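Each of the next two complexes has chain A plus one more chain, namely chain B in the first and chain C in the second.
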Partner chain A sequence: MANEEIKSKLKAFFMSDLGVDGDVLNYDTPLFGEEIGLDSVDSLEIISFVDDNFGVSMTGVAKENFQSIDTIAAFIEKNKA
Partner chain B sequence: MTSNNRRCVVSGLGVICAVGNNVEETWKNALNSVSGIHKTTSLDTKNCYADLAAEVNCDTLDDIECPDEKDRASKLCIKAMKEALNDAGLGDFADSSRVSVIIGSCVGGVLSIEKYHRGGKDANEIPKMPIAAIASQVAESCHAGGIVTNVGNACAAGTISIALACDLIRAGKADVVIAGGSDSFASVPYSGFLSLHALDENGCSPFNHCNGITLGEGAGIVIVESLEHAEKRNAKRYCEVLGAGVTSDAHHITAPREDGVCLLEAMDRAVKNSGIKKSDIGYLNAHGTGTGKNDNAEINAFLKFFGEENPTLSVSSTKVMTGHCLGAAGAIEAVFSIKALTTNTVLPTLHYTAEDSEAIKAKVGSMDYVQNAPRGKELECVMSNNVAFGGTNASIVFSKKPGDVQSQVAKDKKIAVTGIGIVSPIGNSKEVYLESVKNNKLPETASICSTVSNDDYKELGIKMAFYRKLDNLGQLQTVSGMRALKDANLTVTEENAKQIGIIVGTSEGGLGATYDFEELIAEAGNAGGSAFKFPHTVYNAAGGYLSILSGIKGYGVTITTGPLSGLDSIGYSMNVIHDGQEQVMMATGTDENLPIITELCQKLNVAADKVVEPYSNSNGFVVGDGSVSVMLETEDYAKSRDARVYCYALGYGNGRKNVKFGHISGSGEALDIAINEALKDAGISANEIDAVCGFANGLKKLDDIEKAAYARVFGDKLVTLPLFQVKERVGEGRAASATLAAAEAALMLGGELAEENAYFIANDGSVSKKKVSAAGFKKILVTSFATGGSYSAVVLGK
Partner chain C sequence: MMNIYQISEKIAQRPPFQMIEKVTELVPNESATGIKNVSVNEPYFMGHFPGTPIMPGVLICEACAQLCSLVIEKPAEDLEKNLYVLLKIDGFKFVKPVIPGDQLEITVNKTKGGGVIVGFDCVVKVNDNLHAKGSLTFTSIPKESLGK
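Moving on to the complex of A and B:
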């Protein structure tokens, strides 16, 4: 799966499942910053989505990998089988 | 000392949980440090990382009238109720208006929701779904004819029920209250807590390993009685119930505040309201769920609160025995606390090793975290705490001595209505609603709903980081609540945050969200739940979101008893103010119309297939929704901040004649009682009422009850008495419509709604409609109903 496709899938997930407004969500927007405001409950959802859709486990993974769509996609790229 | 007419005593106990099917068995097992936690036998655990639960093992739950009409939550509760009444030497109450039922629950009839969804959508399951069924069916089983209410504050609901029971007795509204809580173990909460990674795969270990909770199930009942009533019948007396404290964290929808300051405030209120010293408390039955967040917050709060004044307080969590029984937890733990008090025994938290003991000692110093085995200790007072999703904190004190309870200390204060927030199918603000009334806007279809948009959030300054988390019910609630605050020109500050409280009334609360979650896990399995969606299933999530957004940290309770919950929110708020608990209360009514809600109404054959209006003798009603919030405050407080006053809340009343939950026919005379009680509370006669804002929705059997009761109460005056019916415009929005009826009365009294369609009932029962000016109105009666036979009334006046 191309990197762009992963990012686009992630963005669609943030919009449909975590209620994020697509207009303000760019690939480099900080997810846990003030504007988007994700918290620990949302990170559980991200972990579960990534596991189900890309077969990559993010359980216990360092926080910096969750910073933005870019960093999550990079982690998936690096770790997918 | 507490004056005798304010003393509440406990005269009976009943319990059912994983360690026993009655009080004797449960207590014996508790003394023997038995845990009821085992591998679950009732749920699918495929791919689930934790499979433990504390389930009830009882083969006599169906030994009641019409078991097929009751969810497991009702069955558990009725079983505990029967034991408690028997223990108290009480039996059938013959619809006595002095006997009330208040039951707390978190997930209510969730098993029936599951059964409906997975079992062919059988309409017989529908009346068993809402939490409201529980208290109603308990009342029906023993013919309690007073106030019947359910508390929907998730895991704190059981404690709040007992607190509310005392409030009612001390306000003179009841002599006996059957109070408690009930919840059953089911896929939705199991899957939900799994999705939050909040279950401990090894079984919960509160104040110790703190890796998560283990779910339990059960029910607890405490018979709370006025001293006078108990003395008169020479009743058994376990102890006194002293004061309680209920607060809101205004922090996070699932996680407690780490600093525990709002839990500390709840304990502080409980001690102050009891008129005791902190050092009088010998044992504290903590919430102690076993999650790190909860347990650490509690440990901090206990150290900070009791500290030097009570350094050797005994503390434990009995959840290692019972599991976390959610809405029943507070009630079951009240039974443990009362038994501890009366037998001078402190109960332990189980499963500590020597190493664990050292670790907790390092954290809590001299405080006595009781471990592994019970111990004798002379006790005078005990405290029981519970906290919940939505940020609710509740604390209550049981005592051998009467204490010095302060209640109804502000009874002479006039209560002003100072703000109104409306979200409805015909407009998302008071201004748009008034405009729609002016333009005679009516429903266009038989199922209508409100639509909250980004424009509403923008106008109210609500950021995306917040509103993205809201479900539909939360959207309706937060927008109407924030609009009411704005309309009242009231800014929540650090100084006043604790002086403001919220009571949310809702008929179905999180039922729609629970159904949504059930659909998800029926497909994905119990391991496939959503941590994002799960919090919405609790009925107090909407109120919790409002507290987080507004910063309101005072009293926060969600009541769920059917449509009248939206009017009881006003009545109970008046009581909170009269008790001197808060200066300001937001009373609100909120219900949603998701497609599933219309589907359920259609299946029950109460949804109209075309637009109908009140008194149209139809077979159904227009299904609606909304959220309406009304600000109430003491006149002094309103004056001190130069607030505009719409009108005053003068009195409230309730009535009940038991019929089956889901039914209303045959209960009509209870509406007379509710109206007469409200008039009496307001100190006025029926002749002084200038208009009524009622609850007719077009369904003949409901509208006929209303017409007949008004004819009896108002006599000849009825032909000239204007009846305003908001459901003409917004459909049957249950609790939202009930609060809207009150809001419409306030708008008329306050001069903002100059005229509106009024219905008139002629001597022959025929109905006519004409536009009526509100100019001369001085006092307006507002009424509402709930299935099962409950009615409420409120009097508003200039």
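Moving on to the complex of A and C:
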């Protein structure tokens, strides 16, 4: 799966499941900053989505990997089978 | 099918906070249908509201959550170390009031999970009429982390 496809799937998930406004969500927008304002409950939803859709476990993974769609996609790319 | 004695073996809640009294259908880790009989003698009706008893919506959610917890089957060693707790309540609608004398027929169906979170769609009916519906999400936390 191309990196671009992963990012686009992640963005669709953030918009449909976590209620993020697509107009302010770019691939490098900080997810847990003031603008988007996700919290630790959302991070569990992200972990579950990534596990179910890409077969990559992000449980216990360092915070830096959750910073943006770019960093999550990079982690998936690096760790997928 | 589970009666109140079998339910009490599987969940920790006790009266007056036991909100499922019978399970009529159960597919482990998938779905269940359960019954909650609503009596005028329940303590919360004294205050909610004096003279016009209505079952609080949060307790309808609690009844759904207790049925979900009966659906989630985990190995004994997992349940010894971890506690399954409510993480999110999404889109709950209370379509019609629940009053004393109503028998809630609650159906829950797993929509996602198996990993860090487990999600369910819940439907609450009385006499086949929809009274409430919504989604609940659970996660597990290590018991030793509680209060820290």
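To be clear about the criterion, the second predicted complex is superposed on the first by the 81 of 81 C-alpha atoms of A that agree within 3 Å, B and C clash if a C-alpha of one lies under 4 Å from a C-alpha of the other, contacts with A are read in each partner's own complex, and residues count from 1 in each chain.
Following the convention adopted for this analysis, a contact is a pair of C-beta atoms (placed from the backbone, for glycine too) under 8 Å apart; a residue touches a chain by one contact, two chains touch by 3 or more.
Quantities reported herein were computed from a predicted structural model and do not represent experimental measurements.
Touch criterion met: A:V24 reaches chain B, while chain C stays clear of it.
Of the two partner chains placed around the shared chain by superposition, chain B and chain C are both touched by A:E45. The larger set of touched chain A residues comes from B, when the choice is between chain B and chain C. By the touch criterion stated above, A:E34 is placed in contact with chain B alone, chain C being left untouched. In the three-chain superposition model, chain A touches both chain B and chain C at residues 41, 44-45, 48. On the side of chain A, the complex with chain B involves touching residues 17-21, 24, 34-37, 39-42, 44-45, 48. Residues of chain B touching chain A in their complex: 195-197, 252-255, 454, 463-470, 530-532, 535. Listing the residues of chain C that touch chain A in their complex gives 87-88, 112-113, 115-117, 137, 139.
Contact residues on chain A toward chain C in their complex (touch as defined above): 41, 44-45, 47-48, 51-52, 57, 59.
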